[in-house]
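In the part that follows, the structures are each spelled out as structure tokens.
First chain A sits with chain B, and in the next complex the same chain sits with chain C.
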Partner chain A sequence: MAERNPKEKLVKMGNDIIKEVDAKENPKIEIPIRSLSNIIYNDKSKSLSIGDKTSKRFFFNVAHAKKFMQTTMVAAFCKELIEGKIHTNLRDMFYNLKRTLKDSEENTFDEQSESDPIVVDIEVALDMLREQLHLGADVRGRVVGNVSIVDRGDVVNWGKLGSGGWAIPSIVEEITFKSVDAKFILVIEKNAAFERLHEDKFWQKHNCIIITTQGQAARGCRRLIQRLSAEFKLPVYVFCDSDPYGWYIYSVIKFGSMSLAHQSDRLGTPNARYIGLTVSDIEEFGLDKFTIRAKDVDIKRAKDMMKYEWFQAPEWQKELKLLVDKKKKAELEALSGRGLRFMTEEYLPKKIKNKDFLP
Partner chain B sequence: MAERNPKEKLVKMGNDIIKEVDAKENPKIEIPIRSLSNIIYNDKSKSLSIGDKTSKRFFFNVAHAKKFMQTTMVAAFCKELIEGKIHTNLRDMFYNLKRTLKDSEENTFDEQSESDPIVVDIEVALDMLREQLHLGADVRGRVVGNVSIVDRGDVVNWGKLGSGGWAIPSIVEEITFKSVDAKFILVIEKNAAFERLHEDKFWQKHNCIIITTQGQAARGCRRLIQRLSAEFKLPVYVFCDSDPYGWYIYSVIKFGSMSLAHQSDRLGTPNARYIGLTVSDIEEFGLDKFTIRAKDVDIKRAKDMMKYEWFQAPEWQKELKLLVDKKKKAELEALSGRGLRFMTEEYLPKKIKNKDFLP
Partner chain C sequence: MAAKDGLGAPISDNMTAEDIALNMKEISVAEFFEKNRHLLGYENSSKAMLTIVKEGVDNSLDACEDAGILPELKVTVKQLGIDRFRIIMEDNGPGVVEAKMALAFGKMLFGSKFHRLKQSRGKQGLGIRGAILYAQLTTGKPAKIRTSTGDAKVHEFELLIDTVRNEPKISAHTTAPNKERWHGVSIELEIEGVYVERAQSIHEYLKRTAIANPYAHIIYNGPNGVLKYERTTNTMPKHPKEIKPHPYGIELGILIRMMATTRSQNVRSFLMGEFSRVGGSSADQILALAKLEAGRKPASIANDEAERLHKSMQMVKLIAPPTDCISPMTETLIENGLKKELEADFYVAITRPPSVYRGNPFQVEVGLAYGGKLNPQGAAELYRFANKVPLLYHQSSCAITKAVEEVDWKRYGLQQSSGGMPVGPLVVLVHFASVWVPFTSEGKEAIAEYPEIIKDIKLAIQDAGRNLASFVRSQRKSREGQMRRQLFERYIPVVAESLEKLTGKDHAPIEMKLEAMVKAGKLIIVEPAEETKTETKKAEPAEDEGADE
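On to the complex of A and B.
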């Protein structure tokens, strides 16, 4: 697909339909299939992506007609957002498009669960990010570091925001980086550890950017990590709990997620590496007294992950097996058992110095 | 209790115990009772507070001894935090204090559920905020407005942070306000509405501060609202979904919560008023098509709230009854049904102009 800007892509989509109408053909929209059968893991690029199977949505087809209408409504709405320079989110879009069709009892959309997947259809069909369509998602995440950005005309220095840091917005497409002075990016699952590192001036001592995802990384946060890493060639180290959920958070940052496989090249950061915690760390750093017993659901999840193509590296197989065998989890807070500044002054510096990362 | 700084209060607590030891008395710690029987609603000050019933925790008492030890451990830990100028959170504290007592199988703490209430005991006993003990809580919340603060030596202008805004930290005790140029504070339950208002420059046009709590307000966020309101005599308008959960969020911001009744004077903002949404708004602003059917649990919750002393105002009784009768809820996003900028350009300006607030 030739590179076009988002508005041009939407206009072309509409024009293609009009051409078919003029030619008295059955108007259609072609959409790549997103089911697991069409999701491909590329070991070389370290990312999940979508294959080339597509389905066609026809106007003159009783089973397709409503979805066809919904697709064009959402596309027209996004074009209006872009033209009006207005950003919104999926829920507001649903309310805005929900109405009863003239002379009928039929609603355009009954539930938000009908309009949400249409947005993904358009993302995939036009090879765009939802954020480029001016639709934001959840917001979560904070960042601190020696970075100046320009956002809506404001120059924001992430290193001069006190204890709070910069709240990462849902859409980071339009920010520009004015200056970036950092040797790496440390991505932290939990805010508590982020606050500890921030108070201890870790990012100043180690000349890095620290980002907390506050749990599973929101899209804005993932995109920010990806942009910083790609545009400034910065290594990314991810720091999560030693449990399947923490490792899953890492895998989504690195490889992308299955449900957003079509966006991995924009949301995934293939060069990300895992700094910890691991089950091996428990012994190496004397954390045994501060572990939690893994539940059945953790064991099952770890066993599932052992089968994923993107967890086949021997280092990961070893950690997953250790969790299954020892049935021990450890949270980032476990490091506080060794002293509140153990993480800042011993654990992380040692890991970074020895390049002790998982792939 | 004479005003002392937090460290002095902790030291006095320790010295009182030492005096009892020296006098060969049974050492004790006196703690106000926090059960519902000792929680008082003051209609004049519009806040929940704690009564004067107390209980004593003795060292020489088999049922008290462990908790006595735990209380002194937590108090000593907090003194160290203050002296070391280090902040942490409840989970890290638990891991840091958890250990096995010498020559025994007994742990100081087995679960975090043992150490958390001890912190509240000390807060109540010494009439202090957890944050003054250097213990942070959850973080959530973002703020934008014509305000400059000083935080850890950085001057931060909340009006110059691009689309992200300032991430409200868990502890806002130590920030100082350099300049505050605003006529009121608008507190918004949901981030999506906050982003809409921010993009539409609502805070510039109406010269106000906008804060999103992102759901139930975290302590840092509540304290920030309280400080701004009290120190700068700013009216506070709270903007939530029209449902019992949204109204509960409002009530916690205004009156305080039952579980933190001892902190209402520091965390509650008695002059806060409710700007919307209400069930009455549904008709007045033509939102009927965008409502959601209330569930049984909502109806039950509304009936419970009708009995709360702090919801006895006739305006609230009317809205609660309307919800029970009409069984209709409305989210902030319902306003988008009337157009994406309806909230910014019509709903809020009309409400503010007519002073159409609930008490």
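On to the complex of A and C.
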């Protein structure tokens, strides 16, 4: 992906701005738009990519000036990180760049929520990952399975790390796989369900790798799923709550996300399948007593998702419509209503045996 | 102080107090005064002090203007005890001739020439005589008066009013040589009162008087120090002319009194002689309508006949009264007065052409002062004037207030809650000048809401408002421009420093070039376009929280 190295790209960005200043033009930074209107879904590759619409951030625009300044600050900060061979995280960056502007009461940044999106802007504008900018992404997600890897020289066996499993780091590029013994990968939205499966030795009985994303999948987690799936030809089954939020977690794992659409080819796993839960499951597995009433935001979100190109499969349209009609949500924990081991011993085996998946 | 004509009650507008007094001749003036305190401006001790100063100052200004003298006034208020004060009021007016001194200051004369109309400062009923009487009734002390017409002698005397016989009593009359040829009047009174310096105070009254009369020099020596109101112009307004009443504006009671005192031999000549715009044929029409013989003696007209006559006078078509009898402050003097007492950024004054309500000529003037050191918070201040006299009480029931509130000030760049006063650093001055100011009540502090009057005030405000609007807009624009420049100037050093870190190129030239671009200002984009984006991130779910952190 990178014809030039990240540092060069940052320097060029600065030089481009200086050129405009020298030419007495309004200095600008061009950033591809990361919203639905500029997201292209490729049905063949099953992935999202970013279109060529861009927005221009001008310095001499009252509404853009501050963001422009912030963008140059973050870019300069990252360049210095790369030069100094230092890695850090978004919170440290925020504290490092936050200060009060001279002769005023205005801060360069007031909240971390201002500096975080600027990093994404630069990633997209320069077509890079934040890891390349020496900024760590969130560390979230754990994995258990019959897999041995080498990480910074240490050999780690995912099956021999006790109840916690291996914590997935934000960067998984550098790890190498020594041995992988699994027939499929089960990705679980929630930690509680993951722990249940781990305690019940599900991964041993079914010879699989189980991964919990602990909510929305972090980049390291997504990249790891993709690498395992691609490098070892393993099917991926995703197991989430039956609600729009859970389904969207699945879609991000499979197709990629809108804000990182430029990186879908590195982060998406197009062959992932959805194992559950679904609204249909509620009836089929007698979970009705354990459902939650869908809120207005859930209904609205489901209706929005019905319009997304990557949710056009009839199976998904049916589930989304069922949710809108029945106004019922079900969490993974609903399965515990049928017995603590219902999920391990009945629900998942039955689904896998019947290949009862959504595309 | 100098009584204008040295004779009798002031000939002016509302005679309510004297109307009542006319019917009370049998009782003592003291009793009359007690019963009518509220009509006379003496209903409480703090207002009484203000009324006394008002009577003195109004009287002096009228006298000086009549004599064409630039007014020099000095008001002294000295606290003698908890509720006891000495007030000394001195002017440089024409003074009073010896023969008329007692009448000018002492005797309450009722039933003067009501039918001559002339714009003058309104009196609180009894004028300076009321002030003397109030002092006498509260402290028992006589008024000490000094006066000279500028001849060789200065007269000094004490004056008490015999409240039973309604006669002035002069004592201790002395004369002194007048080497400096001083002319004017000085009155010293000892009274019971309460001194305040709040909104409705001597301070506020003198400040507003100074605004309306920038050709006057006023020194106020109060209990808390000396205040000077400087003269900023030597131009005095034109002299108001006396006119006869117009039939449309006459009230029945006055008509009856006019007929009782007129020298005209018959009703026809009475109508033609005592009213403006009534010629022979108009008089004949009126009399025909009223079914009255032209030869009747005015004094013989019975009350029911007078009522018919009064009605007929309203029905006949007549030319509007002459309007050259009004003496406006003029736009120059209003601006001058506002500039003198208020530190603002913008001043404008509008004098409307004269107009007529109910047969009475009147003229409206408006002045606006905006910005500067005026209080930017809260409602605008309203300065009401009737015949150049500040009105300090009953603001909410006044036609001026109503007109100001009916104007849509938002059109002129100010804030305003519906039906209220505008909000902002603004002073609104409204002057209503007329030969007959239609006060709503005896207190003479609020003008009646005649539609013609409200309409004219609004037109004047709108005219002034349009001038204000362009100023407010240009001021706002330049303030915004300045804030914008400051915004870029704050960011430039950070941008230049970041670019240096990014590229290794020196920040100084980048900073200079960017600053030059700000100064040129050409490139600056103001529309808050969100980075030319058409869509915001609304379609993006909470997904990013995890995925991108």
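The working rule: the second predicted complex is superposed on the first by the 243 of 359 C-alpha atoms of A that agree within 3 Å, B and C clash if a C-alpha of one lies under 4 Å from a C-alpha of the other, contacts with A are read in each partner's own complex, and residues count from 1 in each chain.
By our rule, contacts are C-beta pairs under 8 Å (C-beta built on N, C-alpha and C of every residue); 3 or more make two chains touch, one makes a residue touch a chain.
Small disclaimer: the values here were computed from a predicted structure and weren't measured.
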item	value
Which superposed partner A:I18 touches (first chain B, second chain C, both, neither)	second
Which superposed partner A:V62 touches (first chain B, second chain C, both, neither)	second
Residues of chain A touched, compared between chain B and chain C (which is higher)	C
Partner chain(s) touched by A:Y248 [first = chain B, second = chain C, both, neither]	second
Which of chain B and chain C A:E331 touches, first, second, both or neither	first
Partner chain(s) touched by A:K46 [first = chain B, second = chain C, both, neither]	neither
Partner chain in contact with A:K9 - chain B first, chain C second, else both or neither	neither
Contacts of A:H87 with chain B and chain C, given as first, second, both or neither	first
Contacts of A:S104 with chain B and chain C, given as first, second, both or neither	second
Set intersection of chain A contacts, chain C complex versus chain B complex	none
Chain C partner contacts - residues on chain A that touch it in the complex	10-11, 13-15, 17-18, 21-22, 24-27, 31, 33-38, 55-69, 72-73, 75-76, 79-80, 90, 101-104, 106, 108, 116, 120, 137-138, 140, 213, 215-219, 222, 244-245, 248-249, 252, 257-260, 301, 304
Chain B to chain A touching residues, read off their complex	86-89, 91-96, 98-100, 136, 139, 142, 149-152, 154-156, 160-171, 175, 191-192, 195-196, 199, 214, 289-290, 331, 333-337, 339-341
Chain A contact footprint on chain C (complex, rising order)	484, 487-488, 490-491, 493-495, 497-499, 501-503, 505, 510, 513-514, 517-518, 523-549
